[in-house]
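In the two assemblies presented below, chain A is common to both, partnered first by chain B and then by chain C.
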Partner chain A sequence: MLRFIGRRVVLMLLSLWVIATLTFVLMKCIPGDPFTSEKKYPPQTIANLKAEYGLDKSIPEQYVTYITNLAKFDLGFSINNTSRTVNEMLSDSFPVSAELGAYSVLLALCAGVLMGITAALWQNRLPDYVMMILAVIGISVPSFVLAPFLQKYFGLEWKILPLAGWGDPPQIILPAAALALGQVALIARLMRSSMLDVVTQDYIRTARAKGLPPWRVISRHTLRNAIIPVVTIMGPAIAAVLTGSFVIEKIFSIPGMGKYFVESITNRDYPVIMGTTIFYASFLIMMNLLVDLTYGWIDPRIKVGGREGR
Partner chain B sequence: MTMPAERFESAPKRQAAMEVLRRPSVTYWQDVWRRLRKNHLAIIGLIGVALLIIMAIIGPYLQDYSYYEQNLGTGKNLSPSGEHLFGTDDLGRDVFVRVWYGARISLVVGFAAALMDLLIGVLWGGIAGYKGGRIDEVMMRIVDVLWGLPYLLIVILILVVMDDPGLLPILIALSITGWLNMARLVRGQILQLKEQEFVMAAQTLGASTKRLMLKHLIPNVMGPIIVMITFTVPTAIFAEAFLSFLGLGIQAPFASWGTMINDSLIVILMDDWWRLFFPAFFLSMTLLVFNFLGDGLRDALDPKMRK
Partner chain C sequence: MGKPILEIKDLHVAFKTYAGEVQAVRGVDLQLEKGETLAIVGESGSGKSVTAQSVMRLIPSPPGKIKKGEILFEGKDLIQISDKEMFRIRGSEIGMIFQDPMTSLNPTMTVGKQIMEGLMWHQKLSKDEAYQRAVEMLRLVGIPTPEKRVNQFPHQFSGGMRQRGMIAIALACNPKILIADEPTTALDVTIQAQILELMKELQVKTETAIILITHDLGVVAETAHRVAVMYGGKVVETGKVEDIFYRSRHPYTWGLLGSMPRLDIKREDDLSPIPGSPPDLFDPPKGCPFADRCPYAMHICHDEMPKVTEVTSGTHQVACWLEDSQAPSIESRGAKVNIVSQ
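Here is the complex of A and B:
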């Protein structure tokens, strides 16, 4: 187990280094520099600005400074908004995105598992068909297609929920639902097939044979085993919610990281793009590690150290 | 112990006749097709994909407008009618023609991604799996490291750097990162296959590595590869729409479903529903039919399901 964690941590650091280097190289490939603009500054000003941001040094020197700063979690300054560091922007906006993301993942997990159970218990009957049709819609309708329709009906026509914004608890419902839908569908499908798999096992028959009431067989024996595969897709699910938040935060004007990220792309604010990318990547990589460890922990039958069969 | 000859009895002629195969033998692919045909959803998917391809080819010619032709006078925001089947947008462009033009872009992106999956993914995974040892170790470590990186983030980063929105940068960005799944799948399959007797037989007969790969190993992995591709296509189509929606993909005057949805977000507050509805509907439908087809193919090709 320890060896496995060690291996994964090394791989994780390697991934982080690759993405940091990749962003650096890509940013250096961009023709021109951030101070090329319509306004003509005197050469001295440009030189001073470059010295201020360390752009007058050679590329290897810049790379070393960049990596050292990263190791100290210093992501630099925004170029469009010089008074703010990328760290400040992230620490303002990350809690917002994290809250939205956490609610979406929670919603996806609860709704998906419940739907999967319902479908499996009433297999090939009406509830199964309804759930699976919902799941198919969930898989094929992207969140940025669903979101405007949710806004139109719940926010505008029926006036049940706020149209957009952030701060009031009801304002979280629509964006969280839009983000969660695709994952609800995936989890429901997985949960259904895994439930159907488990109910044919011998230990379920044993549990029934010894006279346990059906709900106890389900809660004690079926569910506990059927839910394990769901953990495996939590990594990709978190990643999908995170990338989905770029567009959802834009649509619902939520002041989260996704909104800043999209804005920095539009404004070509390179330090912010770099900083946010690296932050996102490290967050996802760590989440993946966490999910893998949880998986090994809740199901001791799985040897996490093994490489074959993956 | 010896048996006297008279204790043997010759088998009746009938028994020999029973050994004759009466029906033509069914090849693997005929078998797959038979199973696929029974699956209604898969057939819906197949028909849907076919219709989509046909409409992407002929759709833009069905009305006498081009995708970029503007009509700023009287033609703005017209609701669907015989003249404009899907209405017009805020610049007076015909939504019907633009939707099918968008279908072309989506399909090109989808099929290009599938092609890259085949070229890079199959080759990479095939070589790693077949060679094994050091080479496998190094090649798969590269995949593992790239695997840890979030797909859409890398694509966004590459697009930001290329700074020239359009179809080609999207294709490049998607193909740099899209083949990892396929490489892992093919490697795993080849690892299992290469231990089997038919490979040893081919090797004993002196088949070259190239022949072994192309004639023996790859055809045997074709089933899983096809299933993987049917899921690659909708993933790539989604990615293109997502990026165009963010403003990183296809730009005006070209029409992409993602761009069209983004352009019409604001009209959700008004009554011009058709501008959002049609691209949104066809994007979802496309993802839906490819998913149906993929699910059906997986069931038809999966050896575990075979009884």
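Here is the complex of A and C:
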């Protein structure tokens, strides 16, 4: 087990290096630099600024400096917002994004699994149709379309929930719902088909032959086996929620990381671009590792770490 | 012979499909005595598994439906009782083991927990008591180091051990009847013999009556006391195991015996398979289901189902027109009987 995690961490570092390098190259491909603006500055000013940030050096030199700083967890200063380090920006905004993300992943998981179970238990009857129509809507309506609708009805017309903002617990409900919807739909459909597959398995017949009543057969035998595919897609689901949050944070004016991520690219704020990308990447990789570990815990046939056991 | 512990009377089971209704079981009568092994033999689609699953009320429904008949267990009709009563009988009074041990155990639960589950539900044992009993059961079915095995998952068991585990699950609550639906079909031959031996041993110890469903006559000869031969959703012949192997009266039984590989026939002699194929149960024949394939078929065989004739009162019964007093002489059959059984 420890060996497995160790190996995974090495692989993680390797992928992070690849991501850092690619981001660096792509970033340098964006036309212009942090000091390109409509206002004309004297060339000497620009040159001084570039020297200040080390941008006058050759690109390989800049790359080496960058990677060395990265290894020391030093992401540098923002160029646009000179008073703050990238580390500070991330540590201020990440908890906000993480909270929103956690709630919407949780919502997606609970609602999706419940909907899937309902649909499977009443297969080809009314609850099934209702759930699956909802799921199709959930998959096809993008969150940036859904979000204004939620704001209009829940916020403006019925006035039950706050329109936007951050800090009050009720303010989290609408953005989390908007962010979760697509995943709810995906998980519901997956859970439904997985349940339907599991209930025809021989071991379910064995459980019934033991005389267990239906609810016990479902809770003890069907669910655990049916949830395995859902766990597998939790990695991608977390990724989708993270990337979706750029838009949602903007619509609901939430002070999360999404803002910095988008603004840094339009401003070509090199340190912030690199910092946010690397941070997102490492977070996602960690989540995937976590999903893999959960997978092995739910299904004992999957030995995380290989070569163990018989 | 005492009062039978299980009595199936005129059971009819049908399955609805898009193509029509399949009459899988069409009037089966069977009795099971206390402590005996009754083998139900027949080819695929003869209705033997459906009959057994009807006893457990495990027919997938829809599409399956018990149309008619009674299944009497200790005076109660298992078809009529409520689901709740059935949950109490299943697993505790009647246990069942299935054909494929590789897929019949829950892969995400330890074998011990799967044994404990029934005990905790039916006998309201505490977790510790159930755990002790699970270890005992594994020891009883011959699994070495049961204290260790009880905490293992099915994928850590071999095929034969899984079937032993299945038997442990089925017998955990000391059921009065054990239904074994082709318990050895998915196992290799040496393991087959071990499992059959185990079932025989356990039967002596626990006095459980066994219904053994199989298409393997070797298994029947090895374990059964009585045999019911099924064909086309009906029982065509029942009798003690000697009756069926040495004094069988139904042409289908002869066919079955003739198609069984034996050590004492010469290599050059081919097996004699039964020509033709089983009847279409979407539209079952109104006469004897075997008439189309029977070398002795007469006109009446196609038109009317033969009545059950008692060959030996109470033990050996056969449903065949050849038993009728107007049927042709017995010699032609006698010759055949000698070929297939000695």
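One rule holds in what follows: the second predicted complex is superposed on the first by the 271 of 310 C-alpha atoms of A that agree within 3 Å, B and C clash if a C-alpha of one lies under 4 Å from a C-alpha of the other, contacts with A are read in each partner's own complex, and residues count from 1 in each chain.
Just so we're on the same page, contacts are C-beta pairs under 8 Å (C-beta built on N, C-alpha and C of every residue); 3 or more make two chains touch, one makes a residue touch a chain.
Quick caveat: nothing in here was measured; it's all calculated off a predicted structure.
Q: Clash or fit: what happens to chain B and chain C when chain A is overlaid?
A: With chain A as the common anchor, chain B and chain C both fit in the superposed model.
Q: Using the superposition on chain A described above, determine whether A:237 touches chain B (first), chain C (second), both, or neither.
A: The answer is neither, since A:237 touches no partner chain.
Q: Should A:12 be classified as contacting the first partner (chain B), the second (chain C), both, or neither?
A: A:12 sits against chain B, while chain C stays out of touch.
Q: Would you sort A:179 into first (chain B), second (chain C), both or neither based on which partner it touches?
A: After superposition on chain A, A:179 lies in contact with neither partner.
Q: Output check: A:139 vs chain B and chain C. Expected answer is one of first, second, both, neither. What do you get?
A: It touches chain B, and chain C stays clear.
Q: Using the superposed model, determine the angle chain B, chain A, chain C defined by their C-alpha centres, to the nearest 10 degrees.
A: 70
Q: Between chain B (first) and chain C (second), which, if any, makes contact with A:224: first, second, both or neither?
A: After superposing on A, A:224 lies in contact with chain C but is clear of chain B.
Q: First (chain B), second (chain C), both or neither: which does A:216 touch?
A: A:216: touches chain C, not chain B.
Q: With both complexes superposed on chain A, which partner does A:205 reach: first (chain B), second (chain C), both or neither?
A: In the superposition, A:205 touches chain C alone.
Q: Between chain B and chain C, which one contacts more residues of chain A in the superposed model?
A: Greater contact footprint in residues on chain A: B.
Q: For the superposed arrangement, tell me the lowest C-alpha distance between chain B and chain C in Å.
A: In this superposition, no C-alpha atom of chain B lies closer than 7 Å to one of chain C.
Q: Kindly list the residues of chain A that each of chain B and chain C touches, one partner per complex.
A: Correct list for chain A: 309-310.
Q: Quick check on the complex: what are the chain A residues that touch chain C?
A: So the residues of chain A in touch with chain C come to 201-203, 205-213, 216, 220-221, 224-225, 298-301, 309-310.
Q: Which residues of chain B touch chain A once you look at their complex with the stated criterion?
A: 144-146, 148-150, 152-154, 156-158, 160-161, 163, 188, 234, 238, 241-242, 245-248, 261, 265, 268-269, 276, 280, 283-285, 287-288, 291-292
Q: Mind listing the chain A positions that touch chain B in their complex?
A: Those residues of chain A that touch chain B are 11-12, 14-15, 18-19, 22-23, 26-27, 29-30, 136-137, 139-142, 144-145, 148-149, 151-152, 156, 239, 242-243, 246-247, 250-251, 262, 265-266, 268, 273, 277, 280-281, 284-285, 288, 309-310.
Q: Could you pull out which chain C residues touch chain A in their complex?
A: 56, 58, 83-84, 86-92, 95-96, 98, 100, 103-109, 114, 117-118, 121-122, 153, 155-156, 166, 169-170
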